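In the two complexes that follow, chain A is the common piece, with chain B as its partner first and chain C second.
Moving on to the complex of A and B:
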């Protein structure tokens, strides 16, 4: 009886928490189908008139098609570069236990201490000096650099869970570093790789400050996060803005849904492996 | 005046980047290397433009028609970049990076007021004469874009988007509450606010935490002060030390405490203001002519029962009639150093002068309800009923000093102080805050 009461409480709490998380999403989606007046006067009600055309207006007004392509391109390249750099680095750090390795790990950890605002000015100067100011290419290079500390540290922890006996056995069979990395470490640390991919993809997709300041608002290079504010005016059509936001969030939601199972594996990996 | 709510964090960051990078670039070289856009412009006949008329702006379509026609007629391609809320920072950073635009379509506000001094843009006095615009343009419009706002000052840019900024009164709601006439004195306003509240209607709505609240505050605070003194105080400070200004601030807090403003006004933004007025939740708002188009588009029919007027004045005011704003510090054209170079300036001339053609100005009047910066008959383009009414405002209102040019880059910190003014701050706290914000 006590157990069932506890179960009921857990269910209620779980649903309450889920509703709490869903409320902003619901608000965003219903706002996307309303006029300004309705958004302010009946914020949580369903639309009296469903303004589906808000999506088309947002798409055309902010030229979201091109912006989405830019965002996909920048995020995609940046995530590939991040993994190409972080996976080998994590492998090396996971397999080495000496003072130098610890120092390098500490250096990566120090990366967390630098707030993005503090890095803004030197980064702008760097972009100018490299001749990459106002280009997508700079973001493709800069975003992985900013993502490396967390990525390397996370992946290192995952790779340290690889049993030494397995590594020795593979080495005895003649496996070199490349084979060890690709056939032993990466498969076992796959939840970690997926985890890093999702986390960094979200970060790259949502990045605004550097995209605005360095890449800029020119239609051929701007990301979706920079394109969206062009809808804002002195008297903004907030329904259209919300519709644009839904369109901007949608690709990330789809990507997350596709990788959801892997993400769950990643999140529970520590518990399973003890 | 077109300005959306600043985002402090992004603004500070972008400002820091822009400022430092500008100074670095200045130390490094006087002639920044031209970027790819500049290179293409030199070779292929293009022009780089940054505009505050972003896609969501009611003037965006009219602007696009000008650009399309310009390119079709001249073969000159326009590389257009949209300037967001921090357009000033965007342009400064681009200039520092050697990717200066040729032309910036922007408000005269905040940091753009200092661009001529900083060497970002060039004076346009001679261009106005050479391009045949001197006789077309309204002298008062040009004066507002001169350094110091006086007729002898250097011209910082060419004004384009003029505006009027009246009080909007929902006559249906006033009648419903038993208010038979639009209030003309502050006593009448207080009485009207009480009746409106009794009828369940909000009185004056405004964005207490943004630029709309800032402008309305200044409109009230200068009730007892002549224009010249007010301009000096706005520019140099002295809010506490100037009795007439302090009296104006006291008037503001008296009105606030008499519940003339809607509840929780300190937390409202311009968007809240528009929505509550259009939806009939509040009976009075302070909004510029740029909102005429949007009010009609709201679909509530608000434009059919709105009367435009001024903000009521107290007894002893220096203004005999209720006050409103009008001005030409809305969007205008600022020419950068790069745009003034020999290979660019003629392209800039062709584009800028095209904007001042009568049909083009008329198009903007029709689409975005701008107040024309040039002389001429634009009545046939003023199809919006509120714009028509707005053209007759002069007889019913006095025009107060618009703070934009005078407060300059102190605008954002002043708005923060005034959010407190719409809350519970005392007159002394407000004037001290304004003095501190003005002196930086």
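Moving on to the complex of A and C:
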């Protein structure tokens, strides 16, 4: 790249914004090891005394252990349900090109645009009607529905890449839909399945408003996202709050550090399909 | 991919369609019904009152404030976010020195949930928090304020958080899209002596214009609809109504003030705003040719 005035400006701008992104994260991490007094008096300095016990206090106050189990359970079941629904649908849509198939695709495309929040209150009513208000089970059923439009559209795209010749030869061998799906389509569309899994797991893990209003704040069912803000009180110990936040964000960052390329691909794929 | 038995295979889409109908389309449709009910909280029996709620909502000053705040929120956030993100994404795509660090940082807000973002900024923006500490540190004591508790800064602060999260994340998406363009086109423009700005806006931008439009629509919808969560965590719509948006009003009326009919009238208004905004963005960013892929 040739250095130019524009290039210099871009460099300055891009690093200023990076600094703006990093500063709150740095502040969070150093606060996690401080007392309130130190947070207030020396906000950006490294802790004078490293208060590791903030982490223990946060863990106990928000009952994060149980919350983590709940989050894992809900996200885990929801992703299985999502794939069980979306994979066969995508297979069918990838193999059909008629008015009906286009209408179904159109339905999902429209559904992708409307954020689930639009129907938050009627969804609460639905949970009550089904007798599942205040349970984890409702989220396990509901989250897949909110994930379906994008999952189906993405998987269909990946399954369209299966070479027709391969399908024909497998069909000549007498393979039915089940064999075709499990032996031909899913293996070839595996990068798509991986992307959808990562993308939706992250979405489920991070879901907040529906978990708060439907699953609720009872310690035995609440998720991490709901549990953590309960630390906030009139006289909040900001160090403990920061420590809890670090603990709650950590699983996602660990996952990201292990498979950052994959994750970046998955999340960008999710938005590229508009 | 034509296949002789293809029409029948569409049965496999039925489970997902049923699921989608029950949990997504159903509630969306129910919103219009609830908007016609007098319903004082989820434990009570609703009664039908027709269009009465609409009159109540439109006469309420809180609703007017919410319309204004939502309009300000999207009118500031989106026109700042999208061009800035495009420029940063373009820069990222030129693989400048340290671009790996940049892209990890830009990507970060996409990993952090809204409730964690709320908790991070609860600390950063508290009266004795990071922002005020920084201002005092550089001698701007008079600028320090209770950002979220001051009616003149609450909404602006929330918009700033939207931008903090949205710009970097959108930039990464633009970078990914730009990376898929044939490199020769941009190189050719540069050999022709086109400056950086001209290459960016007159060569690269038109080629991804449809994608810019898609992201602008998505960011618009997400900003408009999902602001309730952050507001609930940070300001509860206050002080007064200074940070009440339509999205938060839907939530607050249903859960704190137990007026479900009112809440869902606002919900319908929000939906109509969303649709109108989408058409506006589509018209503003119409691609010059249909083949601009």
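Just so we're on the same page, the second predicted complex is superposed on the first by the 215 of 274 C-alpha atoms of A that agree within 3 Å, B and C clash if a C-alpha of one lies under 4 Å from a C-alpha of the other, contacts with A are read in each partner's own complex, and residues count from 1 in each chain.
Definition applied: a residue touches a chain if its C-beta (ideal position, glycine included) is under 8 Å from a C-beta of that chain, and two chains touch if they have at least 3 such contacts.
Owing to the predicted nature of the structure, the values given are computational and were not obtained by experimental measurement.
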Exercise. Give one of first, second, both or neither to describe whether A:134 is in contact with chain B, with chain C, with both, or with none.
Key: first
Quiz item: Comparing chain C with chain B, which touches more residues belonging to chain A?
Solution: C
Quiz item: Is A:147 in contact with chain B, with chain C, with both, or with neither (first, second, both, neither)?
Solution: neither
Quiz prompt | Contacts of A:240 with chain B and chain C, given as first, second, both or neither | solution = first
Quiz item: So, A:35: does it touch chain B (first), chain C (second), both, or neither?
Solution: first
Quiz item: Where does A:61 make contact in the superposed view: on chain B (first), on chain C (second), on both, or on neither?
Solution: first
Quiz item: Touching A:216 in the superposition: chain B (first), chain C (second), both, neither?
Solution: first
Quiz item: Given the touch rule stated above, what does A:77 touch, chain B (first), chain C (second), both, or neither?
Solution: neither
Quiz item: A:230 contacts which: chain B (first), chain C (second), both, neither?
Solution: first
Quiz item: Where on chain A do chain B and chain C both make contact?
Solution: 39-40, 117, 120-121, 124-125, 128, 208-209, 213, 226, 229, 231-232, 236, 238, 241
Quiz item: What residues on chain A touch chain B, complex-wise?
Solution: 35-37, 39-41, 61-63, 117, 120-121, 124-125, 127-128, 133-134, 208-209, 212-213, 216-219, 226, 229-238, 240-241
Quiz item: What does chain C use to touch chain A in their complex?
Solution: 1-3, 6-7, 9-13, 15-17, 19-20, 22-28, 30-31, 34, 42, 87-88, 91-92, 94-96, 98, 101-116, 118-124, 126, 128-130, 133-134, 137, 164, 167-168, 172-173, 176-177, 190, 195-197, 211, 214-215, 217-218, 221-222, 225-226, 228-229, 232-233, 247, 250-251, 254-255, 260, 263-264, 267, 270-271, 274, 278
Quiz item: Tell me, which parts of chain B touch chain A in their complex?
Solution: 2-4, 10, 13-14, 16-17, 20-21, 24-25, 35-37, 54-58, 79-86, 89-90, 93-94, 96-99, 270-272, 274-276, 278-279, 281, 288, 290-291, 294, 298-300
Practice problem: Under the touch definition given earlier, write down the residues of chain A that touch chain C in their complex. | Solution: 1-2, 4, 6-7, 10-11, 13-15, 17-18, 20-25, 27-28, 31, 39-40, 43-44, 85-86, 88-89, 91-98, 100-101, 104, 107-108, 111, 113-126, 128, 141-142, 144-146, 148-149, 152, 160, 162, 164, 167, 171, 177, 202, 205-209, 213, 225-226, 228-229, 231-232, 236, 238, 241-242, 244-245, 248-249, 252-253, 256, 260, 264, 267-268, 271-272, 274
